[in-house]
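Structure incoming, see below.
Letters A, B and C name the chains as they come in the text, with residue numbers starting at 1 for each one.
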Amino acid sequence: MTTPEEQPLDARPPSAAVRARPVMVRLRGVVKRFGANAVLKGMDLDIHKSEVVCIIGPSGSGKSTMLRCMAFLEAYDGGEVFVEDRLLGYSTGRDGQRVRAGDAEINQVRRNIGMVFQQFNLWPHMTALGNVTEAPRRVRGMPRAQANELGMRMLEKVGMAPRAHAYPAQLSGGEQQRAAIARALAMEPHIMLFDEPTSSLDPELVGEVLQVMKQLARDGMTMVVVSHEMGFAAHVADTVVFIDQGLIVAQGPPQEIFQGEQHPRLQQFLQNYLERNAFWTR
Amino acid sequence: MKLDLSVLTSNTGAILGGFAITLETWIAGVAIGILAGLAIALLQRRGVSPINRLLRLYIEVVRGTPFLVQLFFLYYGGPSIGLQLEAVTAGILGLGIYGSAYFAEVFRAGFNAIPKGQMEAATCLGLSRWQTVRRVMLPQMLVIIVPSLSNTIIVLSKETAVLSVITVPELTGVLTGIGSASYAFTEVLVTLCFGYLLLVEMTAWFGRWAEAKVGRYMLR
Amino acid sequence: MDSLHSMMQTLPLLLHAAVATLLISVVSLCFAFLIGVAVCAMGFARSRLLRGLATAHVHFFRGVPLLVQLLMLYYLLPGAGINLSSLTAALIAVSFCSSAYMAEILRGGFLGIARGQVEAARMLGLGGLQTLVRIELPQALRLTLPALVSEVILVIKASSLVSVVGVAELTRTAQNVAASNYRPLETYFLAGAVYFALNSVLARLGHLGERRMARAHQS
């Protein structure tokens, strides 16, 4: 859960200071339905610059859905998502009605968001370096030599430089995820979204990925992380958001959430978690 | 582009006759193909090597050469070895042979998909070979092979059009004849398209129905 | 031995015509692939109109026999003022017919690709066309190689039908030879043998290709 070398309560700025920074992503009353079922029932959230937000909650609560709506990988049905003050996914049609925006516009608004997936989603027919350089070359038109140099720098950052020419099938889960992070970083995002980045990894490999994420946080990246890694939430996050049944039930700095007075459902969730993980206390 | 339906209405008899021949050759060809294909697949399972190799060659040759060339071989080449076939007969035979190679592969895949244990159990219980095939294997195979069977049957329905080249008076032959005589190519070809699309879609629909019906009683 | 003698004389002619068959097939396959990719992509579009067009394309070109499509092209267009050579008509007909099968084959391939790959591409800013060409197509091709090889062989066999509109390929040449030497059995046997040889070589190459691809992507 926690690695030996980390100090408790890494020096993060006070939450008032964080909240004073510009808002990078803003959710207002976001609703998402799958059929008749409302998975998100009206979410309001502000993500500030360089803020690390950890989203926790039981499965089925809508955490991943909310993250995917932030990236418009799912089209939300109600409310608004603003990325750097621009409305994502929709525009006002001719008669004042809201219409779904075109693909080009959606890509424009979310071009400063990078995403890391639970299943890594590396492209299997390209090497790690190939994966990292693909977007800079095709989207930014970077020449190959420059892209390769950028790619190697990113891979070094995540500790994957020696494996740059391996194919995903030859990499461990942790290596693949780190390569995926490097791939997202190569496009110089302002915001990084992490959708359960370590949930598919063997326990021994989780640490190396969390280490990379911690470094990113120290470097000032704005991060939204959906995860079950409570240690990360407790020690790296500026804000922890607890979601249950499609609504934000509790929100605040880690100290408040984990040690302060708690909403009963949050209490129940943490109790369940402790029972499953802190087995040595029994 | 005006469609002059009089060309069609004045020849309804011939057109329906052509359609009848299409159906006749198709159904007969499919029947021969399925029976021959099943026989071939069963023989292959007996594992006698020289016969097996011959059958394998037969399947590969029939599937590896164009249907039209096979028809020419039968119809125009047949007389050289004393085989004087009428066009329709040659057509049915040709379809049957062409189909048998494809059906044999379909049945082979079907047989291979049944767990060996089933046959062993049947043998232990005293069922004869034929009983095993009929009562144990074929029913189970059906679910797996219905889509492929349906596909092959559709392919054969379209191949009946090729029969027109060896002067079989099926739908394509009859209608192109009318077209040439009256220069009403548009009407004729549009009718042809409709005719085959109807045939194919109906067969596909029937195939899906059969799939659902057979699948209902089987454990996956 | 008369038969053997005539077959030996016929063979060079047929082999020469086989080149025409190959060329017609290769050109048609290239166009069929391009059209097929386009139709397949349309089948995944958000617009219902595009999806409907894709479905209509596949249903029409797979439902109507190639022979009828060929005749349509050859006989109908002069009425509309377009005069195509029999070769052009043949190429167009075979291309469009095969494109429908290609589209269905590729559809299976595209469906076999994890959706997450496309999502990752989207998030990195790759556009629709870039994602299709750089991410989806390479993987779809690898997944559908056996079916594509089958389609190549089918097209070579289907090309025999263009003899009906007079294109001088293998089957037409065999017909001409048989008409002049009165040995239809030997001639068509030989023609069949040439097709068989051609298809066997292609099937073998296909298997080699499949094995190489499987090895290249092993961990």
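Note that in this section a residue touches a chain if its C-beta (ideal position, glycine included) is under 8 Å from a C-beta of that chain, and two chains touch if they have at least 3 such contacts.
Only a predicted model underlies this, so the values are computations on that prediction, with no experimental measurement involved.
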Chain ID, smallest distance between chain and overall C-alpha centroids: C
Contact pairs, highest-scoring chain pair: B-C
Interchain centroid distance [CA atoms averaged], chain A/chain C, Å: 46
Separation of chain B from chain C, taking each centre as the mean of its C-alpha atoms, in whole Å: 22
Chain A-chain B separation of Cα centroids, rounded to whole Å: 57
Interfacial residue positions of chain A with respect to chain C in the complex: 71, 73, 103-104, 107, 110-111, 113-115, 117, 119, 121-125, 134-135, 138-139, 167, 169-170, 180, 183-184, 187
Residues of chain B that touch chain C when the two form their complex: 1, 60-61, 64-70, 72-73, 76-78, 80-81, 158-162, 164-165, 172, 176, 179, 185-186, 189, 192-193, 196-197, 200-201
Residue ranges of chain C in contact with chain B within the complex: 59-60, 62-68, 71-72, 75-76, 79-80, 153, 157-161, 163-164, 171, 174-175, 178, 183-189, 191-192, 195-196, 199-200, 203
Residue ranges of chain C touching chain A (in the complex, touch as defined): 114, 116-117, 119-128, 130, 134-135, 138-139, 142, 217-219
